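The two complexes that follow have subunit A in common; it is paired with subunit B in the first and with subunit C in the second.
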Partner chain A sequence: MTLYIIRRLLWAIAMLVIVSALTFLIFYAFPSADPAALRAGRQATPELIAQIRHALGLDRPVYDQFGIYIKNLVLHFDLGYSYQNNVSVRSEIFSRLPATLSLTVGAVVVWLLIGIPIGVLSAVRPRSLLDRFAMGAALVGISAPVYWLGLVALFLFADDIGRIPLFGGAGSYVPLTQDPAGWFKSLILPWFVLAAAFAAFYARMVRGNLLDVLGEDYIRTARAKGLAERRVVLKHGLRAALTPVVTIAGLDIGILLGGAVLTETVFNIPGVGRFAYDSIVNSDLPAIQGTVLFGAIFIIVANLIVDIAYAFLDPRVRY
Partner chain B sequence: MKTMSAAAAAVLVTFLGLAAAGCGSGSDSSASASTTSGSSASTAAKGSDPAQKGGTITVLSAGDVDHIDPGQAYYSFSYEITYATQRPLLAYKPNSVNASPDLASAMPKVSKDGKTVTVHIRKGVRFSPPVNRAVTSSDVKYAIERGFATSVASGYAQAYFGDLVGAPAKATAKVPSISGIETPNPTTIVFKLKQPVGVFDGALGMPLTAPVPAEYARKYDNQTLSSYGLHQVATGPYMIKNNASGNINGIGYQPGKLIELVRNPNWNASTSWRPANADKILFKEGFQDPTVMTRQILSGSADVNGDTPPTPAELRSIQSNKAQRAQLVFTPTGGSRYIALNTRKAPFNKLDVREAVAYVLDRNAMRLTRGGPIDGRIATHFIDPSFGSKGFVQSGGLGFDPFPSPDFSGNVAKAKSLMRAAGYPSGKYTGKQLTMVADNTPPGSNTAQVVAADLAKIGLRVKTISVTHSTMYTRFCNVPKNEPNVCPNVWWLPDFHEPQAILNVTFNGQNITSVNNSNWPLLDIPSLNKQMAQAKRVINPSQRYADWGRIDKEVTKTAGAIPWLWEDFPTLFSSHVTPAAELWNGGAPDVTFMSVK
Partner chain C sequence: MGLLEIRDLRVTFRTRDGVVHAVDGVSTSVERGQTLGVVGESGSGKSVTALTVMGLTRLPNATVSGEVLFDGLDLLRLSSDRLRAVRGRRIAMIFQDPLSSLHPLYKVGWQIEEAIRAHERVSQRAARSRAIRALASVEIPNPAALVDAYPHQLSGGMRQRAMIAMALVLGPDVLIADEPTTALDVTVQAQILELIRTLQREFSTAVVLITHDLGVIAETADRVAVMYAGRIVEQGSRTTILDAPEHPYTWGLLESIPRLDSPRRSRLTPIEGAPPSLIDLPSGCHFHPRCPYAMPICRSIDPGLLASDPGHVVACHLPVAEKRRIWRRLRSRPAAA
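Let's look at the complex of A and B:
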């Protein structure tokens, strides 16, 4: 196991370098705004833009810029400074992580609490009225775009612009440490909106997996031994059915920690996702690099945790 | 200051009618103050309704400032913060396009030869903590000088202060000393110019002239990229909340999230005409959805839109509601949107073809892509009606339209006859496909579609490359070697209400640059260049406006750029505040004149 983890960590580092290199290449290969010209302003002379380009290091060859970036990253964990406002990208990402973490963790709890029970109930009573209703609702949940769902939620339930003012609206996010009650109120709508599609997807996945598992021989054996149906389903069935769910959940959590761009944007939550969005709009390469790198780190770490968790969930898996 | 009640609207209509008939007096003192609203605007500024003191005003914005450093800030939204926290030599009251002395104690005195400009500054103006000392003329000198340093790199230092004696021709590694800025005593600053500059007053109203304490700022300005903006001190009624060492980053300035203005404890109200009613101003950023933003303002959970207008649908809904209509103020931006045709490339190197395009464009349909009449008047030349007698009247006002068509919907027959004159017997272009670089999001992308369809009516088939708005400028339309045949989404806002600020950078062939070029049609007509060079040196305002009015007509007739919209900006105020919109700054709210009811 230890060797496996070391091997995976080495691969993770290689993967992060590749991701960084690809981000650099994409930035330069495709038409994007000129950061030096953006910083200079509309009446700046070509000489001034050239000087700014030099000050930002943008006049160096791409491989050179990449080398400097990696060197600073490895030696100092320095992600550079934003072209836009000259603030440290690392500090900016760290200052935004709590918001993204709050959004993700809450949404995961919501979607697991909704998705798994519905999936189980649907699998236990396939083709029942409950099953058909739940799966129909799941289809709607999966199909509804987050941005649209977010706006509908705001116009219905936000305490400033909603018809039934119950929860915090766009821009109402406050940090947990500052005002726990305000934090909770501001995140209820984003949690449910972000969780909607995931809950629907997980319900369908749990249902499908559990139906497959419940048809296995060992389940029939368990029933033949006289175990209670609840025990058969929850202990023997669900445990096996959840293995692929854990894999996907790990990846989903990793992706969301890298920034739930749409949800953060529609609810104006100052998280990493909105930072990524703003960076792309402003052609702010250090900020783009930083957010992409963080996203990649989360996905890789989540993958690693999932792989390790597999060993505990599925006794057949050995490393 | 004027407000636009029903009576004032009638005055404006009369004025515009006179302008259309070419009956302007030519006086330089009557520039139009044409902010309009359903009821009253800027009543606090007018003084007819005693404003309440105290409270918090919340401004919502989609994006962040372009730069937090007052020496770098160059966007309308950034100015909302800069002019509330800094005191340039001159500044503007909300409904005026004429500068008033701010840090200056009186308007500048210009010598007879126009080469020496003397400004006295007010006593009793002090920097905010941690500097806490009185402002002197040396602080203004340093503020302008730092704009020439690479670490600050003001976007307009060279354009407006490059004529100062001793000004460096290009940015310098360290903050230079400019011999043409003299400070004979702590309250006097003298500008020595190599040649007369007609718009120097306008330049003195730019935020670059707001004082900066050298002994405090120099260590930041000596960095590769100055971080003085993150440690700035204020002279205005408000300051960005900071800590004891002056740092605002993560405190009063949270990029992309919040800018928090609090009262500047060292501000002396007796030295300023700003009422500064509210105790605190919050600029909440990141509101990407204009509908949500609009509803929040209407609900009273926020007070005004800072950088993004309500959607056309929302505007129509608000206008149909009597109570809400009173909260909406329309302000001319002072700028115009136009279609730029690359005059260096065939077929637009021929005047007849360009004129044909000017005739064939359905400018009414183009305006509909941005919301229709609610978005502003269809432009027929470049100087906006808000300039009034500062050039608009002189350029023919509403009566000057060299490419007329019924209801501005285009004249295809006339366009085809011009194409025949250009050597295309069928009235349609027969050459290769043209290129157009346009926005990849509405409304710009929709405008581009209308343009493409109109061009096709005279055989001009275009291949559209769709990119982000900033990419369109910085990689294509601003770079002559990459410039396509058509740039349909360009827009120019003047830095101040002087016609030169509209026409010189954009149409003077002397200003074509290899990058960051804003002469999008690449117009380079020697006779026009010469007229502009002369007009720039005219100190007498009446003569200057007459000259630029004539230049505006000539530029329009070249059809290198085809204006189609004099845009208005809608500012929506909550019912909890007294409105104040800046006519000089494209309708941005003036938080120093607003008050909480």
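Let's look at the complex of A and C:
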């Protein structure tokens, strides 16, 4: 097990280097705005732009830039400084992590609390009215784009522009440490909007898994033992049906921790996703690199945790 | 009256392709301490009969009629809750594939404890020590350690022993064993059958042994019911069924098992054709399309079960003398030369 984890971590490092290189390549290979020109302002002279380009190291060859970047990253865990405003990308990302973490964790709780019960109820009564309604709603939930759903939620419920002003609107985010009640109120809409598609997807996944499991021989055994149907479904069925759900949930959490770009943008939450969006708009390579790398780290770590968790969830799995 | 008595049991399932007549008027019974062997091909209704006795075919698309009398109760008319109290406690069941029949994510001992605690209010510790004793009683070595094993850590034979321990831990009156040895190695098969027999003698349990294997029947059953297409076509004592069968289908089953006294290169005689669709059953006698002795009457009129000797019933139009003559000829023939 330990050996397995070490091997996986070594692979993770190689993976991160490849991800950085690819980000570099994509940034230079595809046309984007000149960061030096953006930095220089509206009426910059060519000399000023050249000066800025030199100061940022943009006049060096790409492989040189990449080498310096990786060296600083490995030696000092230094993600460089923003082309835009010279702040440290690392401290910028760390200062934004709590917001992203708040959004993600809350949304995960919401979607699991909605998705799993609906999935179970649908699986227990397949093709019933409840099942049909739930699966129809799930289809809508999966199909609705987050930015649309987010705007609708704001127009309906936000306390500034909403018809029924109930919850905090866009830009109302305050850190948990500052004002817990305000934090909670400001995040209710983002949580539900972000969770909607996931809840729908998880409901369908739980329903499908559970329907499969309920056809297994060991479910027949559980019934033959004289167990109550509720126990058969929850203790025997759901236990087996949830194992693959844990895998997907781990990966989803990893992806979202890297930044829920759309949700954070629609609700103007100062998280990592919002930062990623801004840095792309500004052609701010170090910031883009930083957010991509962070996202990759979260996904890789989530993957590793899921695989390790599997050995505990399913006794048949051994590494 | 038997301990468990089935009267004119009919089970149909509505499916997209039509109505499946899985069980079509089955009547049989089993006494305390006795073994009833139920034999037939797949799809003959053996398993559905067993599952219906357990109340496990109470599905939205199933229709069940007839009576299943157990200890003065009609199980078919019992409420789900009262039936559940019978199920597992007084009538227990074991299945064909012990690996898929045990929950892969729970320890064997836990699964046995759960069976106990579903019916009796006992402490966790008491349940655990009973589970260990149950594992010991089915001759699992080192039960105190294997109580914490997961099913995949046991061999096939050990898994089936664990299933039997789970089924018998509450001392049921009836044990229904649905193909309990089919998934096991031949050497292990004999051990499992012997184990069932030993435990049966100890607790005078009534056993319903469902199998497609007449060899298993020959070893264990007191009485035998031969099923075909949802019906019992012949029923009698083991010696009657094995030595003086009177139904062409039973003859076919007996002719299709290998015999040690047959020449080495001889072929087995299979029953021609395939079992009928249970949606669109043949007219008259369900077996007539595959029967080498079919007469015109077999096509139109269902023979029905008639007593040929005391305790021996057969559903066949052939005259008794003719049946005895055919069987004598079949048996005297050097097996399938």
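Operating definition for what follows: the second predicted complex is superposed on the first by the 318 of 319 C-alpha atoms of A that agree within 3 Å, B and C clash if a C-alpha of one lies under 4 Å from a C-alpha of the other, contacts with A are read in each partner's own complex, and residues count from 1 in each chain.
Keep in mind that, in the parts below, a contact is a pair of C-beta atoms (placed from the backbone, for glycine too) under 8 Å apart; a residue touches a chain by one contact, two chains touch by 3 or more.
Worth saying up front: this structure is predicted, and the values here are computed from it rather than measured.
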**Asked** Counting only touches as set out at the top, which of subunit B and subunit C does A:241 meet: first, second, both, neither?
**Response** neither
**Request:** Could you tell me if A:203 is touching subunit B, subunit C, both of them or neither one (first, second, both, neither)?
**Result:** neither
**Request:** Tell me which partner A:266 touches in the superposition: subunit B (first), subunit C (second), both or neither.
**Result:** first
**Asked** In the superposed arrangement, does A:51 touch subunit B (first), subunit C (second), both or neither?
**Response** first
**Message:** For A:221, using the defined touch cut-off, is the partner it touches subunit B, subunit C, both, or neither? Pick first, second, both or neither.
**Reply:** second
**Prompt:** For A:170, is the partner it touches subunit B (first), subunit C (second), both, or none of the two (neither)?
**Reply:** first
**Asked** In the complex formed with subunit A, which residues of subunit B make contact?
**Response** 60, 63-68, 72, 74, 150-151, 153-156, 158-159, 170-171, 224-227, 229-230, 249-250, 254-257, 284, 286-289, 291-292, 295-296, 298-301, 467-468, 470-471, 473-476, 478, 505, 513-516, 518
**Complete:** The subunit A residues in contact with subunit B across the complex are 31-34, 37-49, 51-52, 55-56, 81-82, 84-87, 91-92, 95, 151, 154-155, 160-161, 169-171, 265-266, 268, 270, 274-275, 277-278, 281-283
**Request:** Provide the residue numbers of subunit C that touch subunit A in the complex, in ascending order.
**Result:** 51, 54, 56, 84-89, 92-93, 95, 97, 100-106, 114-115, 118-119, 150, 152, 163, 166
**Asked** Along subunit A, where are the residues that touch subunit C in the complex?
**Response** 216-218, 220-228, 231, 236, 239-240, 243, 313-316
